[in-house]
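In structure tokens below, several structures.
In the two complexes below, chain A is the common chain; its partner is chain B in one and chain C in the other.
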Partner chain A sequence: MKQKISGLYQKDGTKSVLAALISIIIGLAVGSLIILAVGVANPTLGLTGAWDGIRLVFVGILSTGRDAAGALTFGFNPTSVGNMLFRATPLILTGLSVAVAFKTGLFNIGAPGQYLMGTAATLIIALSIPSDVVPTWLIWWLAFLGGALAGALWGCIPGLVKAFLNINEVLACIMTNWIAANLVTWVFDGSNYRNLVENTKSGYIYKTSFNGVETAKLGLDKLFPNSQVNGGILVAIVIAILMYVLMTKTTLGYELKACGSNRHAARYAGIRDKRNIVLSMAIAGALSGAAAALYYLSGNTEFFWSTYQSLPATGFNGIPVALLAASNPIAVIFTGCFMSMLDIVGLQLTNLTAYNEYITDVIIATIVYLSAFTLVIKTFLSGRKKRKAQAARAQAVPEEAPKPDAAEGKGGDGV
Partner chain B sequence: MTFLIQQTLIYAVPLMIVALAGVFAERSGIINLALEGIMIFGAFIGVLFVNLVQQAGVFSAAKDANDWVALQGFMILAMAVSALMGAVFSLLLSFAAVNLRADQTIGGTALNLLAPALVLFLIRIIANQNALQMAEGDAASWFMIKKSFFGYGRSDSMGFFGDTFIDKTYLATYICILLFVILSILLYKTRFGLRLRSCGENPQASDSLGINVYKMRYAGTTISGALAGMGGFVYALTTANCAATGDVAGFGFLALAVMIFGNWNPLNIAGASLLFGLFKCIAASYSSIDINGDGVFLLAEAGISPHLYRMLPYLITLIVLAFTSKKSRAPKAEGIPYDKGQR
Partner chain C sequence: METENIIEMLHITKEFPGIIANDDITLQLRRGEIHALLGENGAGKSTLMSVLFGLYQPEAGEIRKNGQVVKIHNPNDATALGIGMVHQHFKLIDVFTVLDNIILGAETTKLGFLQKKEARKKVEALSERYGLKVDLDAKVEDITVGMQQRVEILKMLYRDNEILIFDEPTAVLTPQEIDELMDTMREFAKEGKSILFISHKLNEIMAVSDRVTVLRKGKYVGTVNTKDTDQQSLSNMMVGRPVQLKVDKTPAKPGDVVLDVKGLSVHARTRKKDAVHDVSFQVRKGEIVCIAGIDGNGQTELVYGLTGLEKCSGGAVTLCGKDISHASIHQRGENMSHIPEDRHKHGLVLDFTLEQNLVLQRYREPEFQHLGFIKKGAVRQYAERLIEQYDVRSGQGPVTIARSMSGGNQQKAIIAREVDRDKPLIVAVQPTRGLDVGAIEYIHSQLVAERDKGRAVLLVSLELDEVMSLSDRILVMYEGEIVGELDPATTTVQELGLYMAGAKRTTKAGEQA
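The block that comes next holds the complex of A and B.
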């Protein structure tokens, strides 16, 4: 039995999970420290305020508000859990998007732009097809696929310039992000999709439910009453499983990973590296587009169209989701849920204390920072004794950890 | 024309200094994707410093007495503080990249995520809104150079040169240009600069000659952080009326593009940043640009959508990179953690 446990501990997968957990705990601890420091420095918050904040950071998902005496109460909160699943839906997909690109050795920081293009395509399709002629379920699928296609086309651009012109994909992605933000604003500016009926709000696009198009709830709303959850989370999970199959069981997945491990060796082995780079970015873009489609097709979400000055955080948060999951598509489901849980925690912090939701972004950034040296944490976990054996093994077997191609040892490629 | 040149300079100078920040890091072998984050952080620190000092009332006597020399000193102090804190912030990157041999792209991205989050968190607690502004007055009345300082009256002209480069400008702009020249000389004409650059090309060879690669990389990234932090504050001061919002609209990434377009070479970078500054200026103020002074706002009346003007800097960057990236020559060892055992 003891051997079995130590065998499990030796496994690389176990170490990845442990490294991720350590990153999470350190991230939460850093967040708590900042909360404590701000609380001590600010007389209106004080230690009690800081203690409330810290408790919310760790178990905010279980928070049920404050009781009559003003103390925080905790317990199972179906609304929070349901909302967590709802917010996890796009995060899982953008996480997959970043993860697939990582496997091909590309850093897809263009997820926000692909997400925006997906948003625009989805909303235009969902709102412009008359629902009295075409059945709404068909419109739903058309809008979903249209969003994914728009994302894929947008993702192709950094892929193409990377493959054929050797422009660093990070810069190309950033530029396409801002171009997308301006383009989407341009498309919606002055269009008929702007919500002019509800006078209370300005600058928003109609909800898709305005045209009768919304994601089926599939009974999930009964399970988690008062929350926004819908069938989208199941679609996201199915896509994650499909991506797992694609990456591990098919020739295409093998070729993509081969390009990621060593582009030049892959080409030498007869794999068309340029095609695979473009394809990988297209798949990544499609996933980000699908993320936007699932989020905005839910029927109760609105899109602020004048977005040229800001990029959607959901796109950027795909990066920590993928990094925490070590680019494993199945693990992305769980890390996506974790990230959306942090989102809920942020809301609880804003609602219940004098702190605000940005502290969760600090926690996320800390986790990304730590995952930059996951390898160090893993080596630390193996202990000093076993480090030598580990190093020998790592040299014998090519590492599977995703590495942007600068680490290939061929020198800088232009950042 | 005067307006166009002034506005272009306002955008070009932060780009130039931040692109030089990128050069220092990359020449020492570290990819500094965190420029954007460091700019955001530097802008916040600078504005916070101005805000706190104003609240403490240190310079209020100078302000009342219209002692503009003291006020310019105040501004230089704020620039120094933001440079210092930018350098401190960049230590996070150099620690991960040099000591822990972490992936520099991910490390830089982490800093880019951390800076706006931390800054907005603090701004919300300090100011209870999403932007931190000066405690009193505005950037123009406190820090702008005006012709009245030199005894000119309201309707007097200082001549084309004076109107363009002295009246209604910021001293910060010229300090940045001066620093740009000095640091370029440091990088290319001194022993320190040669050693730093060698660490970005062939760190193993540098090490064999007794140069401490780790120290050089720390130096490169720290100078980079200081310049980016200062650039962030100058950007906030000159374009955003000395307000920190946790956002510099992709300026750090534009600076990276300028650096690549300028082929890691200061002279080319200066030219490239002027070009990009012009496009950024068109994007920001297309509606009030009156090129030949005849009262016709050509760009606004050309019937082109304002969205296109706003998109232009990014679009041009992509196109320019497409044409130049095949010829560009990055430092050979950038992005590769230095490992002594790997000779």
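The block that comes next holds the complex of A and C.
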């Protein structure tokens, strides 16, 4: 019995994985088609250029440049892999932010705003505490926790509005996104850190390394030389595992999911539904805030203070990361890495071919569309299985069917 | 003899994961008859009708119309064959008008423009002819359930269907509306339309049908002429064993007061008036007190006020000696279990598994969690015990998704969860609504057993039979007030009816008759 059940679970899981893989492959294929079309239309690229582009789309992460003859070479490229992990760090966390909210019946489209608030809090804390008095590791933790807390508080707003005024969280999230964008610009507009000078570069940028605060490399820089990777990726993975445990093993996760899938029943069972909606959004916000903290605490990432014109893409990209992962926190680790791998592929395309990096945006867009269809793909997959089973049954039936039929016929007549 | 059958479903088999919903079922519908399809919840009635209507494809068997084999792949095929269906849960678009709903999918158009005038004429003629009163321009969300059902019936007539399927049509109707529906059905049959009537209410089947086909656990039991049978033998066929239609119980031995309600008022959600006004009563250990009344007279709000789902606007509620007037739902739950009126809204988290639903009230207890971590093994064991003890049937046991279970088994799961909590007071609101006799018998005996164990039971019911047979004391609610306290042993159904209709009330202190 137990084996049967776990088998069923696995089947559903496998279907999700397959559906995600199908989305990814179709996305890459569409990207390849565009590369082909652009290549054929452009005499400087031609078919050989297109072939290079297509190869890079699929295995760009393993590209090691061009050899003396000008042909693309492939192999393990630790710098690319390291950079992929570095870029995956915030994506995993914003992906978790969206995924956790999804699991509790909420659509957190407010990740960009929470990410911005996290950014602001992290930078202010990391830059304003004097590092000659306080040890930098402590500043790092304060800045990290401050970023997460700021994100959590910002996430609370749509949560409160939803819980007490019954206003859809999507609306409130979109509004808080832009409020955050303007608020952050305004705060940094008046700050003293605006004209920090590094080498000869001065201007409106912020880096935590000005104050000596940087995420520890934890030896990862030796494993992936020349890359930006740091201990942040490990923090992200640990948080993903914690989220998985929270959602599947704890009473809190049970309550949050109950509220998400039937608020009335949760209330009936004495669960405080309002508190839990706010809590869900706070957790989601904290994750987005932590994403920003880990990204900017790496030290060498620059923040341009004027954010009111656009929202950070990392926040929105959490949505496809979560969708592709079917909201499973563990799967988010992998889909986050995949999305950042596409970034690297884009860079390789720019560096090594005449294509530009925006091709990967097309791929991401296709995958986003398809990831919304993962349910459809899943249904299709189970449909196929069923049809196969039916066919198998149809073959098996003629030999076995007559006996039970006859027996039952008699039973039926007797009544 | 052969051509007499307008529809024949021969040896239909339909399987779902873990369950054979229809196992070699044969059903023959004659022209111009009302044919009842009787069976417990989960017996496969709805599945069989969905096969006929093209919603499911059977794994084996064939369907014939007028002797010709037909394939029904979807509801459009069914409509083309003249088969129409009124579903248990109406398939109407709330924000459309009645007329729009009726013509939806069968619109008359000219050059792509709707020809609503012609449609309106046809619908008005049909509505007149059969006495199906509807307001064609009202939106569906604004009309009563009874009228919504008439809209569904008009939909079938508008499409000139000659085979009409009614899936548990009376479950949502008032007694008066039920009588009207039966007259309409008889009218249809007289005109040569053929009717399939799905129900598990024996008195209705006896009153309206010509023949009855009985299903049990997905299997065909038999077809009988209604005039050659009676309620008892039908229910025996349906359940497969002799059924106690009357509740078997000894006189109550009321003990200490468990629930004491004094002057309770609860605000109505929509109207400004109190939905419950100045209600006082007591429930003692070892008795079943029943709140009787016509639906919408404040029973729902009274229960909300007692259980904490809604705030009380006045008065005091004392449970086991503690004032709980302003306590949280969780605090009240310490001494009270609650079988809610709406099992989908309050009773279950439909997307959770059965085992997760069975611990919905208890997951916080140390037995099921340690430091905030759920003890999976303990939950599984507990669920398996409840499933076994209360005979909750489902496709995959503890890990079945609640949504996929039949209504009766969903209700059994709730009853199992609430009764097993072992609280001094059980509040049961319409615990047998929409259930078949077998399940009703079981639930009634459970409630009586709990009473005999010394628990106080507060039952809210709209069914007169249930009120009369199960309760030890009856309180009648009318327009938010308790208008009478009756003893079922000395009261007649007629007298109870007068109280429920507001025609009679006993004078209470400080109030005028």
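Everything below uses one rule, namely that the second predicted complex is superposed on the first by the 362 of 415 C-alpha atoms of A that agree within 3 Å, B and C clash if a C-alpha of one lies under 4 Å from a C-alpha of the other, contacts with A are read in each partner's own complex, and residues count from 1 in each chain.
The rule is simple: a contact is a pair of C-beta atoms (placed from the backbone, for glycine too) under 8 Å apart; a residue touches a chain by one contact, two chains touch by 3 or more.
Just so it is clear, the structure is predicted and the values come from calculations on it, not from any experiment.
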First (chain B), second (chain C), both or neither touched by A:Thr104: neither
Which of chain B and chain C A:Leu252 touches, first, second, both or neither: second
Contacts of A:Thr301 with chain B and chain C, given as first, second, both or neither: neither
Comparison of chain B and chain C by chain A residues contacted: B
First, second, both or neither for A:Ile34, with chain B first and chain C second: first
First (chain B), second (chain C), both or neither touched by A:Ser227: neither
Contacts of A:Asn328 with chain B and chain C, given as first, second, both or neither: neither
First, second, both or neither for A:Arg267, with chain B first and chain C second: second
First (chain B), second (chain C), both or neither touched by A:Ser63: neither
Chain B and chain C footprints on chain A, overlapping residues: 409, 411-412, 415
Touching residues on chain A, where the partner in the complex is chain C: 1, 5, 8, 249-252, 254, 257-258, 261-262, 264-272, 390, 393, 405, 408-409, 411-412, 415
Sites on chain A touched by chain B in the complex: 34, 38, 42, 107, 109, 161, 165-168, 170-172, 174-179, 182-183, 185-186, 189, 308-310, 316, 319-320, 323, 354-356, 358-359, 361-362, 364-366, 368-369, 371-373, 375-376, 403-404, 406-407, 409, 411-415
Chain A-touching residues of chain B, taken from the complex the two chains share: 26, 31, 33, 92, 96, 100-107, 109-111, 113-114, 116-118, 120-122, 124-125, 247, 249-250, 253, 256-257, 260, 305, 307-308, 310-311, 314-315, 317-318, 321-322, 325-326, 328, 330-336
Chain A-facing residues of chain C, complex: 23-24, 59, 219-222, 237, 307, 309, 328-333, 338, 340, 345-352, 356, 360-361, 363-364, 369, 372-374, 376, 396-397, 399
